[in-house]
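Both complexes shown next keep subunit A, but they swap its partner, so subunit B is in the first and subunit C is in the second.
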Partner chain A sequence: MKKIVSIILGTMKIQMKNSFVRPMYRFCLIVNPISNTILLYYMFRNSQMSDFMTYVILGAGLSSLWECICFSSVGDINRERWYGTLPAIFCAPAGFNLIILGKIIGNTVLSLISLGITVLTAGILFGAGIRIANLSGFLLAFLLSICTFVVISQVFAYLLTLSRKTILFMNCLSIPIALVCGFVIPVELLPNWIFPLSYSLPMTWAVKLIRGTFDVNFTENEYLFCLAILMIEILIYTIIFCLLYRIIDRKVKIKASLELM
Partner chain B sequence: MNQVIYAENLKRDYIKIKGLINRKKTVITAVDQISFDVKKGEIFGILGENGAGKTTTIKMLITLLAPTSGVCKVLGFNTFGEEKKIRNRINFIFGGEMGVYRRLSGRDNLQYFANLYHIPRAEAKRKVEEVLKIVGLSEKADDLVETYSKGMIQRLQIARGLMNDAEILFMDEPTIGLDPLGARALRNLIKTLKEHGKTIVLTTHYLNEADELCDRIAIMKKGKIVALDTPQGLKKLLDSTKTMELTIKHSKHNYSEEIKRINGIKSVDFKEGEECDNYLIKYDSNLNIVSEILKVTNEIISFSQKELTLEDVFIHLLGERV
Partner chain C sequence: MDRIKRFFEQCWLYYNGSNAHIDWEELIFYRIAIPLITLVYYCFIAKHSFRTEQLTKWVIGNSMLLCNNSCVFTIGATFEGERYYGRLKWLIVSPYSRIATVIQKGFFFIFESIATVILCITFGSLLFGVDFTNVNLGLFIIIMLTGIIAAVCFGLFLSIFPLLFDSMNLILNLVHVCMLILCGANFPVKDLPKAVRFISYCLPFTRSIEAANMLFGEFNKYRLLTLLGQELCVGIVYLILGVILLKIIEKIAIHKATLEIF
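The block that comes next holds the complex of A and B.
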């Protein structure tokens, strides 16, 4: 256990250092949440939604957070490939899955800064804040949201070890996921045929749950329902990841997709 | 000596698929049914042209690639399926400027890899200082790798490979990018590692380096091993051939054709100079070459018998490229 914690913490530290020195990452982390907050504020200002600021803050914050995670966690596979370090970490005794987990947790923790910047931007520029109706519920929902991002990023990152077209997939994942999961607009406004996809992704439930904790009318039953589904989906994706790990670990050695060709 | 690496009929194919609708599958055999073993404490060289299959062989041995067929065992375990039992006992160094994090310092890189090899923190700290000293990077340890020269990055890679005190060290063209002094230091380091009982598998394009370091050498051509022996044993393949360097006073006439007509001459290379011309002659060892040459010309300035080198064997086995 001590070894596992040490590898995760060590990888997190290296990942944060490695990510923060990249100008593109700093842009995603600092500039993106500011511009997202400003744009969403003007988009939602006349929407006649009473709780539009929660959409602005959560929408901008979560979109920026997802973009940071997406461009970093998923893009990392490609970066490691270009650095030539992918074979070195893949063959390290620590285990590739643990290293990827450490990287993703590191990215997620660092990317939380973007959420803080969103709240600050909304407060400073528009004098808006968020009132949390259910603080303990919010903290639990927030923690589970982080777990959701970690699990989903891990599934995507692992899938992308199979392909050398990671940048293409990364771009495909960024904005569609933010829209489909209701980061910016309620899922209910999307066409019906998208619902199965939206509700099969745990981020949708995580966002619903967090948003619910800002709403005084969000009942305890609704909260527990969302919480239960979120936890089940996190569990399902964790199982998917464990299965994928075994299959992909074998497949990359057969396909030789860890290096540039 | 115990056997630490064992490969039997080892084969690796790469499959390339082109086109989206009319998918065309091409199978490229990078390593074609090779068999060899490496004994504990041995320096084993793998030589061959670019694309001969050296790196693919190394990648299968370090658990990075799965063999398509055949047996591939390191330290008694299969490299595909029993990787976990191998990985903390081996390490590898690939040539070139890749394999380290450029936006971290040299020290951060080494500390991180120490962590990935389960080296306890206190020991890792000591080990980092030790390997930095060995590769001569102590003073630049806290600088970002992106500020390093090509040779320094290569030395950092070597340091990374030394971190876990591996029983077997795989080195794929480790002296690429190193200046002559750096390359010499690495050769000395390899000799020291051997003295400490380490096994080393080395691929290189520098044949003198292989001759100096390797106990045994496998020469690969198009995925197959075409020769495997000690450097001396390989040179015996050409025992029946001798090489002479002949210098003749410069003349407008090229004597190559006349020399080639002598019975027992295998090849003649001609280089024209301003005051004298040089001929590199390969001939049958039974031939009394000097008396035969004197029949062709008596303008000889000097002649010398050339020692057989691995390069001669290499060219003999793989054929000269035009």
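The block that comes next holds the complex of A and C.
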């Protein structure tokens, strides 16, 4: 166990340093939350909603967090391929799965800064803050949301290992996921035919859960319902990425395609 | 005649070259799917935040702004591309006109941008019910063309900066984000603070979006013509600035030896 923790912590540290030196990552981490907050503030300020700042801060924060994750974690395996280090980490005794997990956790933790920047921007520019109705519920929901982002990033990262068009798919994932998972607007406002897709993604439930903790009318039963579904979906996606790893591991060894650009 | 023919050949060669690596999958996603999804995203946010079913303003504004993919990102990265292809030093030392070199790079992207706007507006109209029955389509096309020409000139102006900097992608993304906020595609420019409004009016599309929205609401012929004239002026100013900057930056780049920096 100590060894696993040390591998994850070591990888996290390197990944955070590597990510932060990339100018585009810094753009996603710093500029995106500020611009998203400003844009959403001006869009929502005449909405006559009493809690419009919740939508602004959560919407801007979560979208920025997702963009950071999308343009870093999801493309990390491909980035390793370009660096020429993919075969080395694939064969490393520490285990490929564990190294990728460490990288994704590192990125996700670093990307949380974008949430802080969103809150700061809203506070400094518009004098707005957030009022959490259920603090303990929020902390649990927030922790589970981080797990959700880690799991989903791992699934997408493995899936994109099979493709050579990572940049294309990263661009394609960014806005659709933010829309379908209701980062800015509730999923219920989207057309009905999108619901199955939305509800099959754990981020939708994570967002519902977090948004619920800001709402005094969000009942305990609703909270528990969202929490249960979120945990089930996290479990399902964890099984999916374990299976995916096996498939990819097998495919890569048979086709010798690990370094194929 | 031979010079004109050579000019258009170079325009086509550049456009063709910058799209040569794109296969059908990338073409569908980059040129069709991503712009349409982006349009839908902002329209849904507007529907919820402005509590309205009339999304004409957002369909028009965001459709025009989606040209940024060609006008800002593709054209803005041209000289950076030239550096990667190893052609930059030849372009700099060539006795060929700088204005022609700069214009050649953006010429065919005007048509690509027109196709993007038409596609997005058609799709947005079908999905969000934008009514074109009482709209003067000829005037609408003129407004669209004016905005695109101004944006292409702006892209050409930005394309000079890679001669000095190596993080062009960052600069272009920053510009795109600013345009998303400041051009009035998602909320009225008058909502912004006065000082920021000045920056809005220095950017392309701000006036053409306002003019296009005018066709669907209160029509003021004098105001429309003023907006179009000013939009063209914005484009011309950027083009002139681009050419002047190219000459200055080229000298600095040669002096600092940053011409082929990676």
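Quick notes on this one:
The criterion applied here is as follows: the second predicted complex is superposed on the first by the 256 of 261 C-alpha atoms of A that agree within 3 Å, B and C clash if a C-alpha of one lies under 4 Å from a C-alpha of the other, contacts with A are read in each partner's own complex, and residues count from 1 in each chain.
Everything below uses one rule, namely that a residue touches a chain if its C-beta (ideal position, glycine included) is under 8 Å from a C-beta of that chain, and two chains touch if they have at least 3 such contacts.
Small disclaimer: the values here were computed from a predicted structure and weren't measured.
Room for both subunit B and subunit C is found when the two structures are superposed via subunit A, with no clash between them.
With both structures placed on the common chain, the touch criterion links A:L179 to subunit C but leaves subunit B unconnected. By the touch criterion stated above, A:V216 is placed in contact with neither subunit B nor subunit C.
In the superposed model, A:I38 lies in contact with subunit C only, and not with subunit B.
Using the contact criterion defined above for the overlaid structures, shared-chain residue A:L135 touches neither subunit B nor subunit C, since it reaches no partner. Contacts of A:M1 after superposition on the shared chain: neither subunit B nor subunit C is touched. Remark: least CA distance from subunit B to subunit C after fitting both complexes onto chain A is 9 Å. Contact residues on subunit C toward subunit A in their complex (touch as defined above): 25-26, 29-30, 33-34, 37-38, 40-41, 44-51, 167, 169-170, 173-174, 177-178, 180-181, 186-187, 191-192. Listing the residues of subunit A that touch subunit B in their complex gives 3, 6-7, 10-11, 14, 17-18, 21-22, 83-85, 87-94, 99, 250, 253-254, 256, 258.
Only residues 14, 59, 62-66, 80, 83-84, 87-88, 92, 94, 96, 98-104, 108, 111-113, 115-118, 121, 160 of subunit B touch subunit A when the two sit together in their complex.
The part of subunit A that touches subunit C in the complex is made up of residues 23-24, 26-27, 31-32, 35, 38-40, 42-48, 52, 55, 59, 165, 168, 171-172, 175-176, 178-179, 184-186, 189-190.
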